[in-house]
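One structure below.
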Amino acid sequence: MIVHATNSTPDLHVQIGTLKLDNPVMTASGTFGYGAEFAGLLDLSRLGAIIVKGISLKPRAGNPPPRIVETACGMLNAIGLENVGLERFLVEKMPYLRQCGTRVIVNILGDTVAEYAQLAGRLAGVAGVDALEVNISCPNVDKGGVAFGAVPEMAAAVVRAVKEHAGQPVIVKLSPNVTDVALMARAVEDAGADAVSLINTLIGMAIDIHARRPKLANRTGGLSGPAVKPVALRMVWQVAQAVRIPVIGIGGIATAEDALEFVLAGASAVQVGTANFYNPRAAEEIIDGISAYLGQYQEPSLAAIVGTLRHD
Amino acid sequence: MPEFQKNYTVRRVEHFEANIVRLSLDASDIAAVARPGQFVMVACGTGQDPLLRRPFSIHSRYPDGGIQLLLRVVGRGTAMLAETAVGQQISLVGPLGKGFGIPPDGEVCLVGGGIGCAPLFFLAQWLVEQGVFPLVLLGAGSAGEHAALVPGLRDLGCAVHVSTDDGSLGHHGFVTDLLPALSGKVQKVYACGPVPMMAAVARFCGDRIACEVSLETHMACGLGACLGCAIPIPGRTDAYRHVCKHGPVFQATEVVWP
Amino acid sequence: MIVHATNSTPDLHVQIGTLKLDNPVMTASGTFGYGAEFAGLLDLSRLGAIIVKGISLKPRAGNPPPRIVETACGMLNAIGLENVGLERFLVEKMPYLRQCGTRVIVNILGDTVAEYAQLAGRLAGVAGVDALEVNISCPNVDKGGVAFGAVPEMAAAVVRAVKEHAGQPVIVKLSPNVTDVALMARAVEDAGADAVSLINTLIGMAIDIHARRPKLANRTGGLSGPAVKPVALRMVWQVAQAVRIPVIGIGGIATAEDALEFVLAGASAVQVGTANFYNPRAAEEIIDGISAYLGQYQEPSLAAIVGTLRHD
Amino acid sequence: MPEFQKNYTVRRVEHFEANIVRLSLDASDIAAVARPGQFVMVACGTGQDPLLRRPFSIHSRYPDGGIQLLLRVVGRGTAMLAETAVGQQISLVGPLGKGFGIPPDGEVCLVGGGIGCAPLFFLAQWLVEQGVFPLVLLGAGSAGEHAALVPGLRDLGCAVHVSTDDGSLGHHGFVTDLLPALSGKVQKVYACGPVPMMAAVARFCGDRIACEVSLETHMACGLGACLGCAIPIPGRTDAYRHVCKHGPVFQATEVVWP
């Protein structure tokens, strides 16, 4: 239970490389469209940042339907990275995003290291793009489809290429489908990442026992939502101990309590994903709840509690 | 267009045959701005399971301000909603999506099958307000399923013809069997129901009669954000449309029929 | 929805190495005690098999409390492998288990390869022990605590040692906390495993934001329950395509529908874990539901539908 | 001992101050075999969230056959149970655990604090049936919290002394302040409530007076299977006891007090 405090509002700002956010609550890529979709239901200008749906060089149609299945306290998605492509994004989506009054982070994805580099280069000079988030969960077509996010050397190669061309801070988004997520985090830190964000979705599956077919046309999909929170929190805690760069916590965050668990575990900021779907106001409620918690415990700032989990 | 995320109080719960339930909610703000064919996302149950909201068409604008939903129990979420008691609160997000298009000059026909009939009542209310009295063709499994809709439509002044699968009321067979008897003056058909039924209506209308259909897909957000509700676009493989945003009402010619 | 059929009861038997089970539904290790705990609430003789709580050579006290936390549609446990030890197990628990009228599978765990071998040797001649299940999720003390279950060579070494000493079929229980579970499955198959079972728990964490401490005294724990089912099902599907030996599905199975998803994905049998806690009758209900499903679709046997998922 | 897993119908729901609720359930089979101090595992909510059942002591054997639970709303599960309506069904597993031990010849005292008082009513019913009329000391935050228990205990014929933290009824202070005034003839104390309170009772009893306490821990199964409800054993580091199976009632001397 978080009770509201009366004293002066605590300082919620977060520094990620050269990027300063007013507060630590961002909306996760692929769960908040390009911002406009939620404008009628919450005040976009209050968000720490909006992270847009993953953008590739060329438009992608995505996977055939069905693309989503509800699971116990979670959902599987196999959207297949449907997006309007970089050029239409810049023309059709950036003008709206630029005037939202919040930071905009562009999530990028490619099939090859060269594509990632090109995306970073093309976005380098774009006004209103405050940071890049590099989604390395996609399969590397050059390397036979092994995910960039599962092999430290491949992830590092992507990050080096992006850093070389990027004009903004680079956040690298880690996959949870690995044996040692801290190893991946160190690899991308060494390659120059300004921050890491985690987790992306866990690979999962659901089957229609009457049709005897996978419920998703793509067979498998990414699991997200409250179901994955314990795994995400554990990984964030592990990574926060392994790296020096800021860690951004993602995975099943639906309330301020959830967000604060990640902060105490070492996350400097958080992203709200699936919760936006069933509670479009979630991100705003989380900002208010974090303020109230800091007030309740008379903490001057969010920064004061990052990673302060006691484990004696 | 304004959208709301709020808890609304359940004013009335009516149970019909075939697991059909009508909920009346004091959502006068939604009622004030909604158009027929739009839907709301409804939270079900007490916890985080089921996690996602369920989409339901707005069934009617309720006399004292507010809206009604007409739903059939088909799974966990709808079963929980059916247990709702008067006075309880239900969280809605809406109104969402694109509604039905304006009627042409001339005769108009509504065709509904099963629980797909739900949005047609609101559509009929709206048409009648504009002085358009549609002919309504409704199909159902058996007589009891027509109880929720037919009396209300007749009270509005609509001519209603029904069919039942078991012959217990009206025509014994498909509602689409009633189409050939339509007057040649019908300028537009609004259809809503099972895909095979809507496909038959679309075929019947061809290029001769304007035809709008309301589609259903699984939805996570209802807002155009998750991209989960994709449907194919006729003649294209490089893109999909999204039912919650581009629909749920589409021109029949915009749909890839099976 | 599964409707009951009237025709003759389908054949539910399952063959795992030389072990024949009357039906595919077992109770998972650590979730069903030593059987007796549930005797008042369901008919033990109907179970395909009872898998007992993991047994080590010496008794273990387990972790200090708190040991469990509820999470969204799941739970974390850090029991710490509390068990009565091999000798007390044989004297105090086996006599009861022997007369339950069901198969008994003993889950074993060690800190070194030698301990696993000793356990298998000691159990080889014991009447009423129908199979062994080797839990390789424990940290290898000889190798600095890296889990046996995360490194193919280490897992293979355990399996070879167990097979050399075992008198019963050997099931190897795989950890989901790896990048490539199929690789682990093939490694233990090559080392001689008669079957694999999966998944063990996903590592997770939960934090008390007011105490600013982990909710578990052990900090992290194992996530189980419906929340993990999509991940478990995906892994079972991957492993079933990678190995020839029987695959036993575990993870969030609470209903016959859940169990059948695993069977269609390629599991020859299943284990019910966390569901026993909140529905002690779960395993019996699942057996009945599987029968009803086979009847509904006029399938002669369970074997006829194993791995029949269509993915065209 | 027989155990049941069943749905039972809620016959009555009473709301008291301080978020205390009493549910009466038609569980006559449980009532017939249960002993005071035993508990039931109760399923909460409509879906799989919350997942685990919640443990509650059996508060009383209900006159017409059945049992009562007395619960305080402290979180999600109890909040859902508090919303239960008469006529709804609730799934219980039980009776579980070891109950309170038989009374000695001589005087007996029950000491309860807060919602921990819940099992003491059933205990008093049982003692009175055996002709033992216990002295009951009850502590609570304020007067209103005593409303659920005190009248019933007095009707049974027990002498009841109360304390409140705010002084609104009886002694202003801790219930344990009342212990020194106990008659020297008290042979046994049964205590139930917050750990510091039970620790004080245990200290007071020392080796002179037999003392049984009822403990609470988080539980997944309540059956002795998950080993989640471990508590330390005085003087040992090589093993734990399990509250659901070896308890929830323990001799005060078996407990490691803070």
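So that you can tell them apart, the chains are marked A, B, C and D in the order they are listed, and the count of residues begins at 1 in each.
Operating definition for what follows: a contact is a pair of C-beta atoms (placed from the backbone, for glycine too) under 8 Å apart; a residue touches a chain by one contact, two chains touch by 3 or more.
Note that the structure is a prediction, hence the values are computed from the model and not measured.
Colleague: Provide the labels of all chains in contact with chain B and in contact with chain D.
Modeller: A, C
Colleague: Within the chain touch network, how many edges lie on the shortest path between chain B and chain C?
Modeller: The least step count works out to 1.
Colleague: Please tell me the distance, in whole Å, between the geometric centres of chain C and chain D computed from their C-alpha atoms.
Modeller: 36
Colleague: Could you give the separation in Å between the centres of chain A and chain C, each centre being the mean of its C-alpha atoms?
Modeller: 34
Colleague: In whole angstrom, what separates the CA-based centres of chain A and chain D?
Modeller: That gives a centre separation of 47 Å.
Colleague: Which chain A residues touch at least two other chains?
Modeller: Within chain A, the residues that touch at least two other chains are 72-74, 225-226.
Colleague: In chain B, what residues contact two or more other chains?
Modeller: Touching at least two other chains: 48-50.
Colleague: What pattern do the touching chains form: line, ring, star, complete or other?
Modeller: complete
Colleague: Could you please specify the touching residues of chain B with respect to chain A in the complex?
Modeller: 1-3, 5, 41, 43, 48-53, 93, 217-221, 223-232, 237-240, 245
Colleague: Tell me, which parts of chain A touch chain C in their complex?
Modeller: My answer: residues 71-74, 76, 150, 177-179, 202-207, 209, 211-214, 219-220, 223, 225-231, 233-234, 237, 252, 257, 260-261, 264-265, 293, 305, 308-311.
Colleague: Tell me, which parts of chain C touch chain B in their complex?
Modeller: 72-73, 226
Colleague: Touching chain B in the complex: which residues of chain D?
Modeller: These residues of chain D touch chain B: 45-50, 76, 80, 83, 85.
Colleague: Which of the residues in chain B come into contact with chain C in the complex?
Modeller: Residues in contact with chain C: 48-49.
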